[in-house]
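Naming follows writing order (A, B, C and D), and every chain is counted from residue 1.
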């Protein structure tokens, strides 16, 4: 069911790619091409499109399909491509997954339907139904702040045991007690991939046996996050500590410039725009930083002084 | 911008129609026709399709468009048709609204985008952008349990004052203090429609000047809810109290048979299936009641003994 | 167990008295005396001390006991006195209840323990244990925004049926669907009192059979709230509508001047201070309005122009 | 202000002691003495009484003071004693702190008042007021699931910078992204102590520079947690991984036997009772495990087979 390019477990840094846009209906195609090369040059281990950082729920379907097609074509199997298929509609999730399989994506990423809140037994039944129809292996996606549903450890364990095609999980809850419980419960399933979202605690998770990080910051500075992954996996604390400090500075200086929950994605897009990589247009209901915030981001970037990334 | 069939304010009972389905991709077309006639025969004042009770977020787009077309055609302007266009994607909201306008719907109903949580200023900016592009007048839809966003009174007031095309609101928060605050703040905008969701407290709201109810129970027993509306609007307590008691019994006996948040919609669909009106298939991630719950619903229906609605 | 002064059900306006303070350890004794007479002169049907509006959880126990003693002595059985005994500690709840009984209070008011969140079965077991040891009849107090626990309708019904001494409930959830469900489920227990907190929707509840309101605004303008109660109970809409409009103005002009959740209590205390009735000191963690907000309150009071209450 | 026995920063394992009770009003004095020696024998670095695990909010004040006195006397300065003074009442927090100072505690631990929810600016003002009056240095206590308030990183930073006497923080949010942000923001205040609650992720935090763990499991198996602390601090992964696996087994087998939020404390008390150390009575609103759960705990203890702790 899955392609030879997808290791089990999948390890390393799999950036959740932002979606370069010119407006609500138009991809920034040249920006997208530059962004993909920028990210792959950093040595990342995969690419995740149409996640939260990719503003997937805010995009129209035509644009989602076009994005998958362009990304798969340009990546050209250099790394595995994971495509988000989360949807409130079962039918639209399937269609997106079929497009992704057709264009050559290696796996799908699926969070619970996020309008109606399903109970855990309802969620498990839903997963068993949809997995049967999907043409791609699936990573579960725990994102309770947006979906209102925490995929309970027992549900992950049941899905991993009983539903063919569910091969891993990405957790963006920031609740590492939760993720550690899942990891412990699945310790005998060595092929089941466990990835963490927040980059601030990715080293913590990798040091204790986690497989990888889906870190938004790797859109901007992919090599930094790959270096952190390697330092963590090798338990090289001398390298790790200063690199992690840099990540915490990025978190403080880039992600918190805006006032609202949308601040981190806006910050990443603003940086990529300042770097000359792609447009920083945000899909509704959000709107790009205005001049004031953009100037703060520019100054903060100079302060950050990330090696290998020149800011002009 | 709006049609002559839409009164300002819109008053009365506007049932949020359930969506009769045979499976995730197929409307129960004959059931839909029977259901529309069943509801209109009750004397309702409008019809709202693709709301929460209509499981809209769970349906594919092709099916949503087909539903709007069939409903508008069959209703044939006998009452105003309101179409839900709520979406996480701005582009898909617009497309749905364009279809709705083309097929002859009278207004659109719009809740905040529900994956990303927008701050009130972001929400207001979003509303001002989308209203400009919409081909239909809009009712705001406050549904915080699903959208995670309470449309604050100040935001409703600003939208009513400054955004042409926003002509009313439906509130399903069950927080009547909230709705009363909105009502008070808009008391001088006599044309702005205020509708309430929960049928248990619709009389309370109508008695104190509210315009109407978007009551799920009116799928099953439309005349009962129209009678309650009239008794409330006429302040006829002798009629109202026993009718309201009946509604409370429906709430207790039909909506709480299942264990989860999905219980009310399942109950309504089960009753309509028992009545021989339409299929009770539920769109994923939900699943219709099994025999055990169906038998309880059947027994409870007999207990209810609603005048004018025979249960065999 | 209860005294002859407590009607069953208890009907009318039972103001949740604010606690006049000079500092965190000292009652404003003269202010308290003036406040009690001010409230009783309005014709209220009871007095509730040590509730949320009374800042009870913020007060030391010595001060709580002194307050109960002084209030009971001064009220002198003119109306029933209800004393809040809600506590995270079972032992302290009992001690407060014993003091209240000793000083002559007529009933206790009890919300769930509010640090640890109890499940409904744990809550019911707790209620059955504590009720057995209490020297006073008890009103349950549903206040989920502060306690994190919604007392589910089934729990209220079980408590009303099986736990002697539980004689009523005050609901401050603002969720009138919830309260209507409780009311319906208890319709055959005619002696069980149901009171509502939010004054904005007290008329709605009274019109549909509710027993009374525990309205914070009655600290300031007791007669207004008594008049509203009477107009609602008598279904006199000509009187009710303008009175209710006044209450909505109070809500908009007095309760929302501050920025935080503490704004309503601060507003009431500020008004009473401007009226010359008592000190507006707030127990920690809150702090009285500063000059700027006080001036706004003063201006808003003039705008309100409540009959019978002169503002100088 | 603080005693010589309190290192800055405080490092290591500081167990949050459960409170041995015979009933709601009576300490299990002999059990308490055994428990203290049992814990100190494990080599812990401090003792925290009257925290969440100690059921502090459920205890009467007389009992709280007696507990502090007995613990301080018996510990006899062998390790620092931290006393919880969290309260909804400012006055009672102060009184508890004064008792703690008098009996010889080394520091106080203070979470935000937990009935009323304070905004961050209100919280900071509260902290600046109370710290001035406290006779002990203070650790902030972030426990949002119970207090409803997340102490935002900026508030911790402001408190650490501007309020003398605030010397550290314990975080029980399980949100390690949050705690890492606080840690990063305070990296230049080397004396400011940062402790973590959940034992499942204590190694992760210690590996990345955290100071210590306030781990409930150390009531049962203190040496295990001290060993984990040392392995983490020494970055000895060969020792750490199997020890951490044991902690995860304890979490799975002891803390999740009950159905509700109270399950972990009940599990710890049940184990201590089975070990013959102390009574497992729970303060209201909770109740000890019944025979069924106790038998499961007993069997699970045998499965766990913790070295150095015999179960009969």
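The rule is short, and it goes like this: a contact is a pair of C-beta atoms (placed from the backbone, for glycine too) under 8 Å apart; a residue touches a chain by one contact, two chains touch by 3 or more.
All values derive from a computational prediction rather than experimental measurement.
Note on connectivity: the fewest chain-to-chain touch steps from chain B to chain D number 2. Chain A and chain C have CA centres that are 50 Å apart.
Centre to centre, using the average C-alpha position, chain A and chain D are separated by 35 Å.
Of all residues in chain C, none touches 2 or more other chains. Under the stated contact rule, the graph of chain-to-chain touches is a ring, a single cycle where every chain has exactly two partners.
On the side of chain A, the complex with chain D involves touching residues 174-178, 180-181, 184-185, 187, 198, 200-201, 203-205, 207-209, 235, 237, 241, 244-245, 248-249, 251-252. Of all residues in chain C, those touching chain D in their complex are 24-25, 52, 55, 57-61, 63, 88-92, 95, 112-119, 122-123, 125-126, 129-130, 146-148, 259-262, 283-287.
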